[in-house]
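Structures incoming, each one as structure tokens.
Each of the next two complexes has chain A plus one other chain: chain B in the first, chain C in the second.
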Partner chain A sequence: MSSSSVEYQKKELPAKVQTVGFGLFIAGLFLVVLGYIVDPTRSAYNNIIGFTFLASIAVGSLFLVGIEYLSGAVWSTPFRRVSEFLSSLIVLLPVLFIPLLLNVNNIFHWTHPAPSDKTLIGKAPYLNVNFFIGRVLVFWLIWLLFYYLFTKNSLMQDQTKDQNLTKKNVKLAAVFMPLFAITISFAAIDWLMSIEPHWFSTIFGVYYFSGTVLAALAAATIIIVLLNERGYFVKGIHTDSYYSLGALLFAFTNFWAYIAFSQFLLIWYANLPEETFWFLQRWEGSWIAASIGLIVVRFVVPYFGLLSQPSKMNPKRLLVMSSWILFAHYYDLYWLVMPNFSKGGVALGWIELGFPLLIAGLIILVFVYNSRKNNLVPIGDPKLKRGIDFRL
Partner chain B sequence: MSKKVLYSYTGIFDTPDEVTHAAEKAVEHGYTKYDVNTPYPLHGMNKAMNLPPSKLGYVALAVGLSGALGALLSLWWVSAVDYPINVGGKPFFSFPAYIPVIFEVTVLSASIATVLAMLFFFFKFPNNAHPLHATDYMKKVSSDKYGISIQAEDPKFDESSVKNFLESIRAKEINAVYWDEEETAHNHKILEPKFLTFLFVVAVLISGTTYFTLNKLMNMLPFNWMMEQSKQSAQQKSLVFEDGFGMRQPVNGTIARGFLPYEFKGKPDLAGEKLVNPILVSKESLKLGQAKYDIYCSPCHGYHAEGDSRLRGQFPNPPSLHSEKVRTWGDGRIFAVITEGQNIMPSHSTQLTVDERWAVINYIRALQRALNAKESDLK
Partner chain C sequence: MSSVDYTQELSVVEGKQALRELDDLIAKPLETKPDKKFYIALSITLSMLSLLVIGLGLTFYYGIGMWGNNNPVGWAFDIVNFVFWVGIGHAGTLISAILFLFRQKWRTGIARFAEGMTIFAVMTAGLFPLIHVGRPWLAGYLFPYPNQHSLWVNFTSPLLWDVFAVSTYFIVSLIFWYVGLIPDLATLREKTNHKLKKIIYSIFSLGWRFSNRHWQNYEMVYLILAGFATPLVLSVHTIVSFDFAVSIIPGWHTTIFPPYFVAGAVFSGFAMVQNVLVIVRKIFNYEHIITIDTLEKMNKIMLLTGSLVGYAYAMEFFIAWYSGVEAELFAFLNRALGPYAWAYWIMIICNVVSPQLFWSKKIRRTIPVMFVIAIFVNIGMWFERFVIIVTSLSRDFLPSSWAYYTPTLVDGMILIGSFGFFFTWILLFTKALPVVSMAEVKAVVDGAQPSHKDN
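Our next item is the complex of A and B:
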């Protein structure tokens, strides 16, 4: 079973896709710019939702690539390029971070603690603007480095068909995993938890990680199902590969629920005012509906939607559920961030619409750009043939 | 020796691909009563054998749901109905605390039920024998070979044609498997008298030996873990404290629950000046005062406080409480008398609580006013 027996005919994506992506991007950009003119603070809060959402997909995709190499999985090899393309969004992360940096004083009130606020003054050695920017830079450079190395080796393999490149990437993945664990945890603490700097939860890094993997998986699943049904990958890919994607989505949905509930249960049980206020904020006014809705949107619907075996193999169902999960991740981030902006009630308006459109357009454009330059299937990968033959 | 009956023909393969292929061929050939035996679950075998989706999932679902419901009901009964205990100020029925328990019970009951249901489906429990057990074939397919077994029950079964079929798909070691006629009847009695007697004898032997060894030979106390504790008991000598007392003195100024110290000991006049009656005159307080007065005061002071003792001169009669002196005393002064006693009258602080003493004083005031009513009282 040599990899040369795989026949792959590269097909260009239709021009329509790029037009749609461009349209979304422009519409999103218009709304974002307008939003920043009308209400900079609210836009900055939306900015951080959008930024962490994009980072979820970008870095989560890199994690999926790494975990495939590290575990020696074969079923996902025909689709690995999708995650590789999505992880190239890491390059664009500063685009959404720079407007955030300009508004850093509006969002993060640890940047200017009140003199009477002993807690924040005590946290100042960690939570100060210079160190914050330094950390972001370090995270970004680590991710960029591994993105560059992984994809360089993978793309080179298309030409050389050198099996040693896979071995190299396996070693890289082993180095990347602990670094990923540390950077994603600190990123979650820096970008999301420090919006409410008086609050702390030791499980918060894992919480963001679970959402990150879900978002990356869901984004990849949408693209995989759409392209595979139209024959953009190699022939002979079985619905059993869909099953694996569905099973991972299902598993991480449960994992998210497990982590989210663990976070809630301990805080609820201990009943310490310095921890409970964070949940109480999300229990005020119309936020109570949003909080209960989070359980339904993020856990109940995907859980029952993906529970049975046939539903994980049905491309239509999978497409619907993965789009839903992607939406649920945005919802989750909104729920984490926005109660700090509009206390006492949900704030929803056209300003909230800008960043999702912008990001959707960005993802489509980046994917199209990558798919023009490179093969959609890693044709040089020694695991490819086994990946196509994968059966449950 | 019982009669042997043909059960099936078996064939062995070396690789999983071959046996999957063999299963496909068996389906093609129209066999319905056959089985594939492999050392581990094979991907794609369900499809090759054309099996319908497993029904085990429904068992897991049903039992899992009843497990969840059972856990919820028992938690609700235990912690909200039968024995409510306040834990950290949470409501008695606090659902978040139940979720981990419900989750565990659901998983546990669903998994146990799945295994049991599997045993029922596969072995038709209580039947636990299978003709393929204890054959060479089973030894091989449970270590590193893959086998197919076509059963004699199959409508298309015919010894020579099955042999030919197995040869045609290149099976190795084609063998016939027989079983006893008795076993084919499938009526295994689980409550056989012999078996029950055996169980009973084993139970008696084991519990008897355990009892004799632990109680008679080793003289062990059963379950005495909580009787021996390394804590300090009352009256015990202590090695920790310098003075050697195990029991510690309460901190200076400690007062017992429900007890208020009396500040005016030996100073009844001061009490008359400083103490204020905290009990408002009401029907209830007067009734209480009357009851207590009739019990504790009236034997000497008389029912109407006129000093007309019912003790027939065994003690000197107390003075009347209607005197000018007592009527002009403050409530606190009377309180001091009741609390500390006066002349021959003993203290009543052990008989009457503080509130009862004030109620008695209210009642005495009512008696005094009844004898010295003013015109305004008539209105």
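Our next item is the complex of A and C:
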């Protein structure tokens, strides 16, 4: 019955990868530190973009791992380790959060509301520094716990090949999903929406969720395509297995557009000043171009880039589109955050470069570290054979 | 049953029946005369339908003053019923299009029936805007066409978008359903000895000869239609939600409405499909085609969508407080604690609490329990629309004009009658067309799929 006769030869990543990762990390770190010295407020705003971007990839990857177990998908099983490795970034989230915390007064003006601002004072039971930190801690511990449990079971399966471990993870995934929905929504409200504490939108949690899944999918797709084309996984994986990656990227691109459009249309149409001001801030000076650019970058390009069926399986196209989508997620977060700092026009300079470089380096280093310690393919997973044999 | 073997794909259809037997079983209701049970059921639904006729007759004769609508509550049962039935119509195309794109093979047993229900539900829903306009003979003006009166529709109104969204959805669902039927109609054409039936099946099977080339084109058309239908399914309830959310009525104007309405529609649609299929599989002996596994998966989707709806309720409540807007907070507190609190709590218990029972595998696989839960879900989803529409209107901005809405007998007759209309179509469908797709089920029987490796 057992058909786990999969041949897997562990291949080390070339040393060059680590060097590049280290170089990016150091360059980013230098710029970030310099940025914090020169302009702490602006750096703190960049910090929140970088932090929410990293959180997207880390927590989104954990979601992808969970959803594979829960839905019983097999096409993704040979690649699941990639998302597992990326989800280990959860451990490092405090590294980017602590500098943010030191600058909490610079970004979140709900920390010191004007005495005349009755609305903000009314929100104080939720928006206060202690509760804010408490929430972050709870979110992080939940994510950390599930990261630990999922990967522990998955890695143990490499040795024991025990099917019960899959079953355990399926159950864990069922428990994780509602917790994920709640934590990611309130994370979005806390970290992004409350930068403009007067503004509110019930769909905002879903908005960040859609971008989070896209970022995690795109990051995984880049790594999967790069490594699979060089034979780091197992033999016999067909390009059909790429199809679902392309299709999901396409689907979530549409989902993001749907959510973003719903939010915009309803606020524009109702035309209530307590809601429209948020969009009007993004319609001043050069922000107009950035807002229109968001539609093109985040929706139009990936939509047409991934629309046709062959493009969802073409490794080159996938590589280009998933890198683009990752960039688009950063763009989106920039568009959400920066209008609060630089009102009236886009602010773009070397300070904005620090965090992307730092994060790119961090992701590469974390991935290299994990791939050295563990197998890149879950060789004990009962679904692995079916995953390799997957055909459309 | 206790432990799953993850190395093997689960069978969709239980047992290894010969393909011929499957054909015979699925075609049986069409080849036999209806029995007594059928006529009893039909007489019940026709009686209910006659209530609709009477209710509508009274409405047309005396005007919509026969309804309970009053001054602030200008929208009530008519729009509640419309949204409810459009919601029911969401499961079919979701199962046949979205689950198809997700390559979920278990959909094959239930897809045809769910698609049929979509069509009948959208037809039922379509009645309500027609009667709600008060002068249904003028409804033709809803379609923008150049006319001598220079009457032009209001393109910026979501009510008009509804006309486009629902009619497009209806047409595409109908085409999708019909395309799926073609191979089965050809099978029936080959099987039947009845002359008239043979002529009808021959015409509607469009010369299908089961050739390789036919199948190839068919599969491509099916895929493309699934691709078209997917955004349509999502757009319909999105636009229905716009009917409310573009306005500035507290409790209506909230940005989460579009995805929340879609989730709710799928939720209620699945509940209705599950309810009807539980009966159909029993009566027609389809237990091995529409298996307990399939029903369990439907229950899981209900758990998911029910929880999404619960998420939306909670998020709305939280943001109503967080926004600091007095009118928003009042609207939500009024829902939970005001004169319509009874309706609100029926909604919460039926929609959020009852599907949580599906966390238990045992309950997901126990037919009587899941049947009752799905009925609860349908009640809850009807009340959800009632709560949204009526509570917000009955306590609007001017306290001097507040009023309590009470439905009249005619309202009730029309509501019950709409069920009669829907179920009459369902009953006729079960005797007129194969309620399970023969071609698709045969393709998912164990061993039907050629494997690229020798097993």
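The definition used in the following text is that the second predicted complex is superposed on the first by the 389 of 392 C-alpha atoms of A that agree within 3 Å, B and C clash if a C-alpha of one lies under 4 Å from a C-alpha of the other, contacts with A are read in each partner's own complex, and residues count from 1 in each chain.
Rule of thumb we're sticking to: a residue touches a chain if its C-beta (ideal position, glycine included) is under 8 Å from a C-beta of that chain, and two chains touch if they have at least 3 such contacts.
None of these values were measured; they are calculated from a predicted model.
**Student:** Once the two structures are overlaid on chain A, check if chain B and chain C clash or fit side by side.
**Tutor:** Once chain A is superposed (C-alpha atoms), there is a clash between chain B and chain C.
**Student:** One more residue to check, A:314. First (chain B), second (chain C), both or neither?
**Tutor:** A:314 sits against neither chain B nor chain C.
**Student:** Determine, for the superposed model, which of the two partners chain B and chain C contacts more residues of chain A.
**Tutor:** On the superposition, C touches more of the residues of chain A.
**Student:** Quick one: classify A:391 as touching chain B (first), chain C (second), both or neither.
**Tutor:** In the superposition, A:391 contacts both chain B and chain C.
**Student:** Kindly classify A:200 by the partners it touches after superposition: chain B alone (first), chain C alone (second), both, or neither?
**Tutor:** Only chain C; A:200 stays clear of chain B.
**Student:** In the overlay, answer first, second, both or neither for which of chain B and chain C A:169 touches.
**Tutor:** In the superposition, A:169 touches no partner, neither chain B nor chain C.
**Student:** May I ask you to decide whether A:371 touches chain B, chain C, both, or neither, giving the answer as first, second, both or neither?
**Tutor:** A:371: touches no partner chain.
**Student:** Is A:269 touching the first partner chain B, the second partner chain C, both, or neither of them?
**Tutor:** both
**Student:** Of the listed stretches 207-215, 243-251 or 423-431, mark the one in chain C with C-alpha atoms clashing against chain B.
**Tutor:** The overlap with chain B comes from chain C residues 207-215.
**Student:** Overlap the chain B and chain C contact sets on chain A and report the shared residues.
**Tutor:** 265, 269, 391
**Student:** Which of the residues in chain C end up touching chain A in this complex?
**Tutor:** Its residues touching chain A are 3-9, 101, 231, 234, 238, 242, 245-248, 253-259, 307, 311-312, 315-316, 319, 322-325, 359, 452-453.
**Student:** Within the complex, which stretch of chain A touches chain C?
**Tutor:** 1-4, 72, 118-120, 122-123, 126, 163-164, 166-167, 174, 178, 181-182, 185, 189, 198, 200-206, 247, 254, 258-259, 262-263, 265-267, 269-270, 272, 274, 381-383, 385-386, 389, 391
**Student:** Touching residues of chain A toward chain B in the complex: what are they?
**Tutor:** These residues of chain A touch chain B: 240, 261, 264-265, 268-269, 271, 309, 391-392.
**Student:** Which stretch or stretches of chain B touch chain A in the complex?
**Tutor:** Within the complex, chain B touches chain A at residues 43-44, 47, 53, 88-90, 96-97, 99-100.
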